[in-house]
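Heads up, the next two complexes both have subunit A, just with different partners, subunit B and then subunit C.
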Partner chain A sequence: MKKKRYQNILYQMVCLLVGLIIIAPILYAFSISFMEQREILTKKLHLLPNRIQWNNYKEALRLTHLVRYMLNSFILAGGSSLVRVIVASLAAFSFAFFEFKGKNFLFMLCMSTMMIPGDVVLITNYKTVASLGLTDTYFGMMTMFLVSVMNIFMFRQYYLSFSRELYDASKADGCGNLRFFLSILLPLSKPVIATVFISSFVSTWNTYLWPMLVTNKDTMRTVQVGITMLNSKDGGTIYGPIMAASVMVMVPTLIIFIVFQKQIVGGMMTGSVKG
Partner chain B sequence: MTLSLAACGSKDTGETQKPESTETVQGTQSETDSQQQEEQEPAGDSKRISDADIEISFWHHMEGTNANALETVCSNFNDTVGKEYGIIVTPSFQGTNTAEKLNTLAQAGDWVNFPDICQVASAGIPTISGYDLFVSPEEMYAKGENIILPRESIIANNARTFTYKDQLCAIPFSNSTILLYYNKGLFEAAGLDPENPPKTIAEMAEAIEKLTQKDGDEVTTYGLNVQVKRYQLVNWVGGEGEYNFIGDNEGGRAGLMSKVTFGEDGTLMAYLDEWEKVIATGGYKPVEDNINEEFAMELSAMAIMSSARIGKLKDLIGDEFEWGTAPLPKVNASDKGGTAVGGSGIVMFDKGDADELTATWIFQQYLGGEDAQYDFCTASGYIPMNRDLYETEKMKTYMAENPEIVAAVDQLLASNPNVQEPFDIVTGDINSIIDEEMVAFAQGEQDKQTTHDNIVNKCNQKLADYVKVNAE
Partner chain C sequence: MKRLGKIEPYIYLLPALIYFAVFSFYPFLRTIGLTFFTVSADGRVKAFAGLDNYIHVLTDPAFLRSIWNTLVYVLMASPLAIFIALILAVLANKKTRSSSVYETMFSLTMAMSMSVTAMIFKIMYNPNVGLINKLLGTKINWLNDAKYAMVSMSFISVWMNIGFNFLFLLAAIRGVPVELLECADIDGAILYKKVTKVILPMISPTVFFLICTSLAKNIIMAGLPIILTEGGPKGSTSTMIYYMYKQAFGNMSYNDAYAAAVITFLFTLIATLISFSFEKKGVHYS
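== the complex of A and B ==
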């Protein structure tokens, strides 16, 4: 019993240490965002600011339209994540509950698209979006992120762990597919919905290349482009404002992650051991 | 030649103005004449290109404070010359490599979304000049219409940087040159003359030995910090003798560059012979982590960087210690070539509307004009490319107050225009090859001959591969 207790303490300490190592760069970035340039560039290790000053935040906001970029990123990430949930949940519903010819082939076909790197189809995708006149639009930015096969897979796995009897009983009671999907399946799929939405939100929030390519106006830029704009190839790196901007940019995703983290874990684990 | 922008009333600036033809620009129009003209014709509407304002989209790759400086220049244009001609310019940041974005659009055949005007690094010129929409300043100068920036106002070295197949393809804009930065305090402490920095690599090696400080075996202050990549190497090798093209076809300016020539003419080996002396000092740091900051923290006594960093270093160093800039130390004392012009220029595209093209041409020239160059360069640290600007009082005052920039300007004006970064097309690959090989040489992983052969053979292989696929 005592041995197990020591093991538990050791386990907790290792977890704490690993957690600290992972979060250390973020905490250091947070600390740097309050430092003056001279403090950042000291020879000796300098972990905490001598005093809290907000100049780096002011400078970051002065040098870029960060608030506007955050709004753009929010529309992009929020909109595309919402569509992803709708598309993925419906596609997975058909793959998990319907029986039709070629189902497995279609599913494998979908899965095989995961092996095609996004960069390979970048120009083709751009050509399509440009020919549709969608450059410099939110919809144009979102197009690449509206469907994710990984999300379809996650929903399908979750649905496969769902009681088939419940579906059959509903049908026997005269419940149609859409009603079953909306009234029974979706309310019981909150963990996977939260997981897909949040993982999608975070990855789209952090995307750089596609929004950069498909928009030409400064007013349509996203936060990741905004942070790049603070850097300067010739003028060197202004660490303070960059860290301040990074902290500001991190806040929305951090809030979403903290609020929904329990659902994320639940959603990820569900269906992983289908029995 | 001093011209005043009458409509803007900026008599003190000596800025370019808009005569209706080349003849008036090249004439000896005095300030008094301008004032008389201003009195005779109401400023504004008579010069408008069309009834409605013409909107110009301007893509750039400036970031941070440089982006602010650029936006100020655009804003000034809109308030002055733009208002006069009815032009509104909207600048927008397009990532750090605008040429790459243009290339993506070109590959997708999306000419509609092309900008009217774009800032590009010189390396992108050969590709961009092949686009259907591309219009070179050379063609516009040949037409002789709406000239507000006389061709001869562009410094020959800067013009050569953006010249491809004898055509000036871009108006130089944000230009720089490579310099030696040195810490005067550490020079004095090491018994070196702070007003007499090293002029050759051999002298620099001697200085490194004296400047390097150690705590036991650990170096606390390096004599020199520079990571030799393509930019640094082509400046050293390019300046050997009278000048050196680095590659065939005048380093890619007369046609497609298919091989490097610094192997066969012995200039690369001559450089490596000298560089070996630097490596042997043990006080040379061959990798750049944060070269600006390390120099500012006195972790290195000398550093070799672009002159565009002068402003940044002034911010970082403040009054902490005295420092100076000097021309890039030569490979051989007898070398006369000097250094290349770095940075970017402005290219324009014809999107099918004659008025829009005229408006773009006026803005393109404005960016090379005295006012724009003064405002942008003093705010960012780049070196003006407008010869006439150096004759103005405000520029003389600025240079007197900022002695660090003098070495950059003097070096640029004294360099042979043929010393340029080559149009080597596979620039990124060549940069990686030189970087890897020079680091391996500096860290003692390979000898001089191997380094030489690897650089020559690998660069030639990359160029041959490109030529094989793209020559047709």
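== the complex of A and C ==
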């Protein structure tokens, strides 16, 4: 009996050790962000800072408009996630509760957008946004992230789990479709709303290529674009501030991910794994 | 009122449909259409070109190199990330008191962004002060040596994808009926046998799904070369989408860029089709 307990503890220790190895690059970034210049540039193996000091963070904030970038990223991620929830929940409402001509065709049409990778149509979308004069605007940045067919699919799956009786009963009570949607369906859909909002927030916060393309002004940059601007060719001298900036950029998503892990994971699994 | 009833479902769909029309179908068809024309640097259509644009990029050594690099990257990064995640999922399958801690650790790379990850690995790969050379006792210039640059990048992608793959594989393994695993235990099957004979066949739909998504995701990768190497050294890290990006926004050569985009799309399509034929043969749905 005792042997089994030791085995169990040993097993957990091994798992935790493997976990530390997996997240080592993240821990290393934290560690470097507190190191002094000469500690970073030493030729010897040096894993932990001699003492905690915040100079790199001050320097990162001095070198870039990091606070402004954060605000931009926040507006971009929050705004597009909100639109995603609205558009996806409406479209799924139509697919799940109505019978109409061409429903299956339209559904397949929506699903087929999954086959078109965003990067393949990058240039044409850039031209569209540029010709509308939307470069260097929040709306221009959001355009790529406003609707996702996966979100429509997730909402639809969730709605389909409701019994139709709920809908029929409220209809018999004279409740209009829109009112049913707003005052009955949406309040009951809080879990899927949370999933869609949180997972799109994290993915939009983390996106790089599109915000980089449509912004030229420094004050409109997002955090992901902003920190790569610290990345000069002979960047050796400012590794400390770069890592401090990286830590400030990744901490919000890491916290969101750890706190809302259940919602994010639950949403990812919807519809993607059958059986 | 009755008339409204008929068009009502379409109204709810309208925002999504307009969006897909403007930002998916229109650019997709336009991109394909423009590959058959010559386009000037300011984006105006000049003349019909037939297949000239395709012939031009497919005889451009830089693009051929990009195709090769992309294939190397995909064939290294996709299987390895799934394999490592599978080991982690088998490890984490058994629930213990600290399960939630190491499960979070195993999946945490999912929350990391491409640019932050690139910056961290840039320091770790630094030939003089980087952690990797210090640990291995080597003096390799990982990102600036044509021999190692693409492999180094694949490794970054492997690390980033571990978390996503792990979560799916863990859910799948936990879904394997306990009786099956107990039977294997009674038969005295060793862990390796248990994994290959019982777990793998049962989770093959998930593995299949992960292969599909990671192939498609990795074929269109461009962020790492943009941030880290600008396709160098000597074109050794230029991927297909990176080539497209550079031709369009760097050289204003839209002829090459559109053709490269469509060829890349064909690659993702082929990857999906191959995965589907594989699905018919090797995937067991219970």
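We adopt the following convention: the second predicted complex is superposed on the first by the 213 of 275 C-alpha atoms of A that agree within 3 Å, B and C clash if a C-alpha of one lies under 4 Å from a C-alpha of the other, contacts with A are read in each partner's own complex, and residues count from 1 in each chain.
Note that in this section contacts are C-beta pairs under 8 Å (C-beta built on N, C-alpha and C of every residue); 3 or more make two chains touch, one makes a residue touch a chain.
Remember, it's a predicted structure, so these values are computed and weren't measured experimentally.
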Just subunit B (first), just subunit C (second), both, or neither: which does A:V18 touch?
-> second
Considering only the touch criterion stated at the top, classify A:V196 as touching first (subunit B), second (subunit C), both, or neither.
-> neither
Tell me which of subunit B and subunit C touches more residues of subunit A.
-> C
Could you look at A:L63 and tell me whether it touches subunit B, subunit C, both or neither (first, second, both, neither)?
-> first
Can A:F100 be said to touch subunit B (first), subunit C (second), both, or neither?
-> second
Which partner does A:Q37 reach: the first (subunit B), the second (subunit C), both, or neither?
-> first
In the superposed arrangement, which partner chain does A:V85 touch: subunit B (first), subunit C (second), both, or neither?
-> neither
Which superposed partner A:I123 touches (first subunit B, second subunit C, both, neither) | both
Pick one for A:N216: touches subunit B only (first), subunit C only (second), both, or neither.
-> first
When the two structures are overlaid on chain A, which partner does A:T113 contact: first (subunit B), second (subunit C), both, or neither?
-> second
On subunit A, what residues does subunit B touch that subunit C touches as well?
-> 41-43, 122-123, 127, 212-213, 225, 228, 230-231, 235-236
What residues of subunit C sit close enough to touch subunit A in their complex?
-> 6, 8-10, 12-13, 15-17, 19-20, 22-28, 30-31, 43, 88, 91-92, 94, 96-98, 101-102, 104-124, 126, 128-129, 131, 134-135, 159, 162, 164, 167-168, 171-172, 205-206, 209, 216, 219-220, 222-223, 226-227, 241, 244-245, 248-249, 254, 257-258, 261-262, 264-265, 268-269, 272, 285-286
Subunit B-touching residues of subunit A, taken from the complex the two chains share | 37, 41-43, 63, 122-123, 126-127, 130-131, 135, 212-213, 216-218, 221, 225, 228-238
What part of subunit B is in contact with subunit A in the complex they form?
-> 57, 59, 63-68, 90-96, 101, 104-105, 107-110, 112-113, 115, 176, 290, 292-293, 296-297, 299, 306, 308-309, 311-312, 315-316, 343, 380-382
List of subunit A residues in touch with subunit C within their complex = 8, 11-12, 14-16, 18-20, 22-23, 25-26, 28-29, 32, 40-45, 86-88, 90-91, 93-95, 98, 100, 103, 106, 109-110, 113, 115-125, 127-128, 143-144, 146-147, 149, 152, 177, 202, 205-209, 212-213, 224-225, 227-228, 230-231, 235-236, 239, 242-243, 246, 249-250, 253-254, 256-258, 261, 265, 268-269, 272-275
